[in-house]
């Protein structure tokens, strides 16, 4: 693992939001790295700062209200937070591509999916001569049946699972080095979720893409990620190989969180819950 | 749970169709068969899980039982009494017995009413004999029961987190002392940790009050945790109904198998 | 929630300014008889189109410059050098009822008759524009409030019931509103007024106009409220109320209405200017409030005479300033309210 | 789509019946009729008046008059204007182009100013530009349009920079074609301004609000994440989504065509429908009034249809079935 | 001015042209003026409004014409005429060689045709009163190609003047339409727009083009029957452009900014327009008092409506029918103040039906009621009214004196006067309500339902006493205070009836004048109409025009056929 090249290094990133009078720190001194082709998962409860961290990587948060308080985000050695807009645009899409949680709102409703993919293609791979052909190829690759017809379809004409496939195709169109998937399956059915995860696994393997996979579903983490980070209240409380985190969680929060996940095969059993007072107590005395 | 008990609710050949209108005169040109010939029984004091993928008709069944939508055909018996044919006035007493917990904790409480008003309203209707003091006491008791504090009574919904709101929703349903609770994906919008709290709460309440649940969810692992019986729904049709242990150990219908396979395992 | 809303709202300096200005204007209207030196209909045929008197400070008191009419055929006035009278406070003048109850003849300021003081000049029959402006404020400022109350009330009733109960009532209400919207509003107004005006005296005309405006106006709020109710009706908390067995009326009253209130409030504020401008437009066409009553619209309509511009009787345009000011204030207020309540709230066009 | 349009047109029939019946009723309620002014002239033979009353059918109850009118309309005959003794349709047809021209111009003017300004003030929310435009919007909302018109007329009269009314110069017929067009445009400037200014504020506000909304949308984030330049994001992704509410306002514009520009046409002595219909109303020239009401209903429905079609064209999610 | 000139096609001059002997001018020039509203038709049979009439005057001529400056009947299509000894037979001699504007000769047949149309029962028209005596039509016969004889069934004073009002119509154009019953649908505005050449007339101008809603352009009639001393055919003006404007205000703006050539100016506007005269080179003529009158009357109709309810509250009717009450009101009204305030000092109080402008018929000896509130109160006291300590006037039975005054809302001067009257009456303790209605509703009340108390209205006067028949006769339609009386209600009304009938049936001007003088005196004594003020009339005209001859009454540019500009 260490032999691989590190494409992204995040040092001590702190992001806050200012709302008129008060300032909320959403991400507090986060540091991590991602290597080429690595599949990294980020878990944590709702509001723990996962999305904010992810969006910060390509400086996608609108800057008021967000504020990058401190830290560095080194993309191939260059600080994203200091880039001018043209350099930044080259990082976005071509360097880091995104898939969001809600596919129905992430696609522009008034443009055909073909056009939206082609747009990315035209921007980042101008050398492709027959773009339409390439888009259809991509659509086929993500498993959309009869892509020639779907090329002209509008997002609302597709089901949620299809829409998410289109999002993946769009990300693929740029051939990014890093794919950030922010809860890509939360809005979907379990059966569809399984299909999408399968697709992601297949494609990242083929293209040798690094993936930052955000979720709160440990089941998916287990099957997908090489490495896992656990976020809690804006901080990364634990990170390491997925296997270790799942089977040997060292941090009390990770332990607590894992315990309240319902598992198959446990019939009529009370679920464990997190007692935050105890958790804080445990965290204050390492 | 012994199977000899009388079913508290029996649904026979329930059909709920929604018309598809089209053409010049908006004629009904077809039907969405949201629920198509579904029959099942709920036994008193047990939890029945209702699973199926999105759009399979789970919510529709729940709403049909509560008469929130008109049904196309079929019969529903509550403790042996047919309730579909009742007028809305005759149905009133059953409103006290069947209650519902909604999926979306953010929209299921009226933002303009305090918690006291929200829950008090239910009491006013079904326990008109209570005076204001008694009502407040009862509300405090209910809040305690769902793990909230009495002083939360005078607050407005937006002052609570999602999990807390879901508890209020449960308290409101419990206020009328129902026998049957239809829970339409009560925890889908919540975080795993909060989800665990709510599920535990529901199980505790069942133990304490002997409630019957129809628990709608698409999380099979969760359903396994809480249910005695599981009903599997596919595009409006009931494809499998069996005791929970049975279904998870030995799914018979291919659709059930597919659903189970898709659950990511830890 | 409500108090936070108010705080959020009053934190905006613009909104605060607008609110206090409006408060001030309504105050003026309420105390018009006390503040006005003359009755709004009191004429001075020898002093038509008198310019505003200059007021200056001398020997420890305000003094009012006097003018002479040098050319009656063009209403040209020149100050008479060295001639002035003292401005007096709390003088006795025409009789009126203070706040509509107490008989009284005290006025904030004035000069000794036969000299008259024109703070904002005089009009074509020598009436004091300032006094008329104050009295006119009563019409113009109240027509908005009352009109909006009537229209929104009617719209809420029709739209709310149509939306909640649906079915035949819904179709009936919506067809009626379409009918009203299909006839060009101005013409409907003309026709209604022509049909009923001859039974009313000019004082009653105010109410007639109000009733006509709201008869025409209810349809668009009704449609909006219907839409809102339709979407609210499907909200889980309304469903929950139904599951609890609440009666439809109670649901309407306790659950739907309060949730419409903020919209109601904002949209009312934003549509008040429409009434003020509507009255002005009606008066412009000669079918609004009538002489000798005063309203800003009527005064402005009378100032449309080209000689007002040509002879620089600028003071006759002050009602225009008053209208603009009020309308701006209401708009600022409405926008601020909307931002405070829900910035995404659907906007209405004029 | 055809069924959609057809349905709209079918829905028009009861509407037209209702509206025209209401119009007849109201006109009969109002005291006086077309002949009233003639009655006030001093050298008119009373027998003559009686004869005219007979001829015009004014002595019949309104519903009978309405019935006859309806029967004629079904035969394609909208009746004669009593004032002008000319078929109503001919009269309306003659005046319509000028009104449509004026309204189109003011729409164009209002849109071409309000849309960019609304967008800019949303993009640079709370900047001085935003403050300034909102101030201008408030101002334009608060000046009655007839008053604006009067100011404009006075300005024109004072300076001579613009003609003070009408649609063409006296020498219009003698001009070469290019000059003729310029002449008409020249005459349109002030009425367009007076009519358009009021519309700016409304559209500007809508535009600003929707752009603020759209800017926050996730697909804009997606577009940005693709690395698209801001300009492209703006024109391709924001504008088209934000324009929908403005398109839906077209419906109102059309329905307001007849009465909306009345005040302005009045002030500028503009040879459009507004003046014609207004005076027909005052004179109780029944058939002209009814004809114009029918036209205005048609315009309303047409406008709504147009805006629905435009909306559907702009936004594929909106289907015709509704 | 455009390079285009109208084609003054060489149509041969009539053998007997009217030779105009004034200052000779030179052809050319464009004359621009305005009219409020738009013509409704160019067919005199159906024409009702003033705007249409003003165009008909330019496009058509009658047998005679009226010179408003010299106030006499002058020859027109008829070069001369004779009156028979019975004072009922008139023989008109048409000018030889007259031609219609399309070049076709005009003969006695056209005159006969015109009368034929006039009396045709298929074509009801408003000329009934002007061309009948006691309901009987005139007898019209053709003597020869150039001579027409007309007999009136009785002596008819205004005959010669009325004949001038009747435009002679071209038989060759309209006969077919007359035959097939479509005469009323001829010569509509749309004919004028599409086929101006079909509107064939004898007047000084013909239609060149017509843009609806904007303007009408007239050009000289190439066959006109007037020439100047040098044999140049009139009119001189190349193009006569009339712009349609919404109202007086718009018209005035156009004139004051130098865009039109002529304008009549209201007294309150003179002040500022005068200032622009040097810039735009126009002159404002003071024509003295105008003929338009404003008056107020009380409803004295004792009748009852269909439900048996009296039109006027009997208590009030008692006041209104009391002459002293009416005189008191007249004394209480400050006419001087109205003139000073409302009319900018440019007007005069009016005491009787005719204003001084009508020099021929005006009677200066009518009774006058200068502003005098105490005189008013004295008269009221005499009539039993009492003014209490609270300042309120009550009648002898203790009824508070109050009533509602109607007027039409379209006229700002009138509404201003109404407010003045309200203030004036307040000063003597009478509370008067005002109600402003649109003209239609107002006329409905005063002419149909009689459901009103008092009304303020005006009439443009200035004509012949014959024009006032419907007003003064007790059975008249416009005898507003109590119209259509079966029998005269009062002795003085009976006397007026008698005088009016008498003046109508004599051709002796002196007798007529005497009768009418007495009518005026009775009116001012009895005050059924309380006359208020008459504004002065002003006319603005561009200085570049010559041969201007401004009359006291009527259109300022009545002689458009000889205006010219260097």
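In order of appearance the chains are A, B, C, D and E, and numbering begins at 1 in each one.
We take it that contacts are C-beta pairs under 8 Å (C-beta built on N, C-alpha and C of every residue); 3 or more make two chains touch, one makes a residue touch a chain.
Which protein is which chain? UniProt says A = Peptide import ATP-binding protein BOV_A0348; B = Oligopeptide transport ATP-binding protein AppF; D = Oligopeptide transport system permease protein AppB.
The structure presented is a predicted model; accordingly, all values stated were derived computationally and were not measured.
Of all chains in the assembly, those touching chain C and also chain E are D.
Of the two chain pairs examined here, D-E and A-B, it is D-E that is joined by more C-beta pairs in contact.
Here the chain at the heart of the structure, going by C-alpha means, is D. Relative to chain B, the chain whose mean Cα position lies farthest away is E.
The distance from the centre of chain B to the centre of chain C, each centre being the mean of the chain's C-alpha atoms, comes to 53 Å. Centroids built from CA atoms put chain B at 34 Å from chain A.
Averaging Cα coordinates per chain places chain A and chain E 89 Å apart.
In chain D, the residues touching two or more other chains are 30-31, 154, 157, 266, 282. Among all residues of chain E, those that touch two or more other chains are 253, 256, 438, 440-441, 444-445.
Residue ranges of chain D in contact with chain A, taken from their complex: 217-219, 221-230, 232, 236-237, 240-241, 314-317. Residues 1, 235-237, 239-246, 254-255, 258-259, 261 of chain C touch chain B in their complex. The part of chain B that touches chain A in the complex is made up of residues 53-54, 191-193, 195-197, 199-200, 203, 218-222, 224-228, 244-245, 248, 258-266. Across the complex, chain E meets chain C through its residues 249, 252-253, 256, 268-275, 334, 337-338, 340-342, 344-346, 404, 409-410, 412, 415-416, 418-420, 422-423, 433-438, 440-441, 444-445. Interface residues of chain D, counted against chain C in their complex, comprise 14-15, 18-19, 22-23, 26-27, 29-31, 134, 138-139, 141-147, 150, 154, 157, 198-199, 201-203, 205-206, 209, 212-213, 245, 249, 252, 255-256, 258-260, 262-263, 266, 277-278, 281-282, 289, 293, 296-297, 300.
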